[in-house]
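We just call them A, B, C and D in the order they show up, numbering each chain from 1.
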Amino acid sequence: MTVPSPAHVEGVTVLSQEHLTDDVYRLTVATTTGGTPGQFYMVRAWEREPLLARPISVHSVDEDTVSFLYQVRGRGTELLSHLQQGGTVALTGPLGHGFHTEELRGRIAIVTGGIGIAPMFCLARTLPPGDVTVIAGFKSTPYAVAQFTDLGMDVRIATEDGCDGTRGFCTEIFDPHIYDMVVTCGPMPMMARVAHLCAEAGAPCQASLEAHMACGVGACLVCSCATVLGNKRVCADGPVFDAAEVIWHA
Amino acid sequence: MLETTLCGVTLKNPVIAASGTFGFGAEYSEFFDVSRLGGICTKGLTLHPREGNPGLRVWETPAGMMNSVGLQNPGIPVFLERELPRMRTLGTAIIANVGGGDLEEYVEGVRLVSGADGVDIIELNISCPNVREGGMAFGIKCDVAASVVAAVRPVCAKPLMVKLSPNAEDITAMAVACERAGADAVSLVNTFKALAIDIHTRKAVFDNVTAGLSGPCIKPIALRMVWEVANAVHIPVVGIGGIATWQDALEFIMAGATAVQVGTATFVKPTAMLDIVDGLERYRADEHLTSLATVCNILGTVPKL
Amino acid sequence: MLETTLCGVTLKNPVIAASGTFGFGAEYSEFFDVSRLGGICTKGLTLHPREGNPGLRVWETPAGMMNSVGLQNPGIPVFLERELPRMRTLGTAIIANVGGGDLEEYVEGVRLVSGADGVDIIELNISCPNVREGGMAFGIKCDVAASVVAAVRPVCAKPLMVKLSPNAEDITAMAVACERAGADAVSLVNTFKALAIDIHTRKAVFDNVTAGLSGPCIKPIALRMVWEVANAVHIPVVGIGGIATWQDALEFIMAGATAVQVGTATFVKPTAMLDIVDGLERYRADEHLTSLATVCNILGTVPKL
Amino acid sequence: MTVPSPAHVEGVTVLSQEHLTDDVYRLTVATTTGGTPGQFYMVRAWEREPLLARPISVHSVDEDTVSFLYQVRGRGTELLSHLQQGGTVALTGPLGHGFHTEELRGRIAIVTGGIGIAPMFCLARTLPPGDVTVIAGFKSTPYAVAQFTDLGMDVRIATEDGCDGTRGFCTEIFDPHIYDMVVTCGPMPMMARVAHLCAEAGAPCQASLEAHMACGVGACLVCSCATVLGNKRVCADGPVFDAAEVIWHA
């Protein structure tokens, strides 16, 4: 897969906005700018406030559309959720380095927490379904999991309130020993736990990190994360990192 | 034509990428033709490499943002070896922003950069609010600032532009002191020292407690400072602070700026600086001006209070 | 309970209407029960009546506004006769904001107001940026500020709160100097000196060239100043600057403010202060605090740079 | 007419938005707060930017609606024009002192420039149609004049580009000598001219002034205008003033 070159495009048309559950939406826009699994866009659906665009992963890509799966967290994502078909967004991207798909061989676990499932659909479509187990944790009602089952993947669910699947965290139903390769995305503490389990089990793990961003392109250094190789920019050096390189804070 | 001369260096136009917001120019080259810019200021450089500040580094505020990057940079030797050669191919003026933790680091840093081919101007950053060890202290008191400028002047073969802090006790007096100490130009403003508190954790948002405020919110104050300074010094003034549109840039020029720098606005729209260049050129043509110098510093002098 | 004691005066809550944004309290009484406020600061009063500044008086900026009202007021004698009796019926603490063009006007003004029944606190405005004759000059240099405070102190029988300017060279040193000179409290900040240029007319927007910036845009800087000052003085600090929500108010309290003042936000929503009072009370109850004093000044001291 | 007491109401429903011509719109909202001729509301149709609400005159009032006639001038009025039926606005008002209708006796001239016609419909409805001449000036295509003709009033039009009525300014087709009472609203230079003509002819004139406002209620003093009685607040002491009291600047 060649990495597409990024662009800044304004007035990108919204093709659809689906309300999946509670505070989770899927937005599809008309753009040919594409993206590889794990890449993201800086998305803007407003004029002045908030000042900065918001990083949102590529959830699914077609030749002339890109979809985003997102959760309303604050003002920016709330404004995103107000978008309607025919509305427009400004996009900068695709940005960052995604998953190292060439390394994904053998039995693969996709471990996600909450909206961390967003970048994984795009990734899953590139993998042999029989090799993949998706272990997805949610606070409550799961979302966006059927698409993995549809691909023929084994999907296991944990919910904190026990409303579906196993009650508890996804890390409790994840046994790193039975996989050759692990990819993860979710809240930092959850990913830290996954990274720790993988390190103990000797399973290589790729983690897609979160950070507050300003430029999104590697120019401002506000999104740094500490790694054993020094500070790295989540936006440009990541967002996907070898979990063993990341210095996971308490 | 927007061609502008700054300390003897010819800029294609008066729009310069502000330090710390444009890396070393490579990142945004993917998005637009950066050779169309008047110049690029590098991220703040120090003699020794620095990892910058721990903890959260960015926070949004109404019409602004706070940053606590600190002077994360690979150190001047690495910059000269790895980044500068690449920057020289970008086809625009290169301004090296040099910071330091103490006087010696400043002097050694400037000496090294000054000896390098391809750096057009040195911007002495005496105003970074995010470095505990000193940067800030230099930017507050006139005499301290003047002493840094005087110390680096003999080792600086390049035009020396001093970047002033809006947190200075008296930014006009500081500009005058820097001019006397040998500065060829001043640029202002750097970020404002500001605070944000997370009411849930009951702690400051930033590990360093305070951080630097930039963006449209600071423009009215920055513009006032540029006007006051431009009326007090005889060297060129470069205006910085919240510039997001060509109208903003023009306000700074009318207030007395020879050129402007744009930081935060680039995050909002990567091509913001091109829009500013185009807007200024349109204005110049529409108003039949041979150059923007005609409208530079047209407010007149600071009234005596 | 949000009851707060400020210089011995009991306020129902720590939310006070800022000077110059609430007239003498009558106008907004039509919109809400102003007795629910912690207090009201009057428009800046001077011994002699003033017409204020000519020309345009307001200009919007990103997340802020600039004003150039100047100290338009009917003069202290007329205030005492006509406005104060009405204000006393409003059922909240009355803070008289007193300005002046020179030392004598300050002293005479404070003497007169101090003798009046019904004024709870005098807020000495040494920081109005919109008065040419002097107001500002007092707010910039520590020793000048201290001299005004020392001069009015003997004639002031009321609690004396000094309102500081963010344009001060060193606002912390100024607060300390005012404390030493006899201030019972300090309030900060007043508006920031700022500039706007009309690129079409090529002139400053305001006749006075500069004007005072207020509103959400200044909050991060004001909050930093309040925190620094609160850690340097032993008298109460009243926080002002861009407060628009109860979360903003709480940030100021956490930074060390005993009470807060709200100005520009009232223009945006007349009942903004009631929302702030209600929000603070909800927070207090939810967090099981007996009073907000528990969370006052919890960031700790200013780190030595 | 009793002056209604002002209120601040958020979430006021938009009943209709009509695009009249070029940049002129009529917005009707559902509110029982009313208003007398010449009063205005501080109107807000956005959340954060611009910071301040915008003063807009009452154009027409019913028991449970208020209409505004406005021209897009900058960002605030542009955002107003984006409002659609079912949208909401925040209103503070009705504010200020309107026209002194009790003084309007005899032959009355209503002299307006551009959008200065906005407050006049509301006023016209209270006057005996046969006594009123409306002299309305526009840059180009006139708007909102038919409603005065419908009331049975004599309407005379001047346009700067001559596209309708007499070419030129409305002040050129206005003879103050033939009226007992003049009311005017429009750009300040135009009102200054009307005031001057009226003063020379000895015709009493009421002028509705414009000023940039912040509070709109009389508390901040940013909207002052110079009068022979000292500085007055346009919002609270006006917006309608005896033209002879106003100090009209060059």
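As a working rule, contacts are C-beta pairs under 8 Å (C-beta built on N, C-alpha and C of every residue); 3 or more make two chains touch, one makes a residue touch a chain.
Since the model is a prediction, treat every value here as computed from it, not as a measurement.
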Exercise. Find out how few touching-chain steps suffice to connect chain B with chain D.
Key: 2
Self-check item: Inter-chain centre distance, chain C versus chain D - centres from mean C-alpha coordinates, in Å
Solution: 35
Exercise. Express in whole angstrom the distance between the two chain centres, defined as the mean CA positions of chain B and chain C.
Key: 33
Quiz prompt | Rounded Å distance between chain A and chain D, as computed from the means of their C-alpha atoms | solution = 54
Quiz item: So which stretches of chain B touch two or more other chains?
Solution: 62-64, 215-216
Quiz prompt | chain A residues counted as touching two or more neighbouring chains | solution = 48-49
Quiz item: Graph of touching chains, which shape: line, ring, star, complete, other?
Solution: ring
Quiz item: What chain pairs are in touch here?
Solution: A-B, A-D, B-C, C-D
Quiz prompt | Of chain D, residues touching chain A in the complex | solution = 47-49
Self-check item: Residues of chain D defined as touching chain C within the complex
Solution: 5-8, 10, 48-53, 90, 92, 212-224, 226, 230-231, 236
Quiz item: In their complex, what parts of chain B are in touch with chain A?
Solution: 20-23, 27-28, 30-31, 43, 51-52, 54, 56-60, 62-65, 67, 69, 72, 215-216, 264, 266-271
Quiz item: In the complex of these two chains, what residues of chain B are touching chain C?
Solution: 61-64, 66, 132, 134, 136-137, 169-170, 192-197, 199, 202-204, 209-210, 213, 215-221, 223-224, 227, 242, 247, 250-251, 254-255, 283, 295, 298-299, 302-303, 305
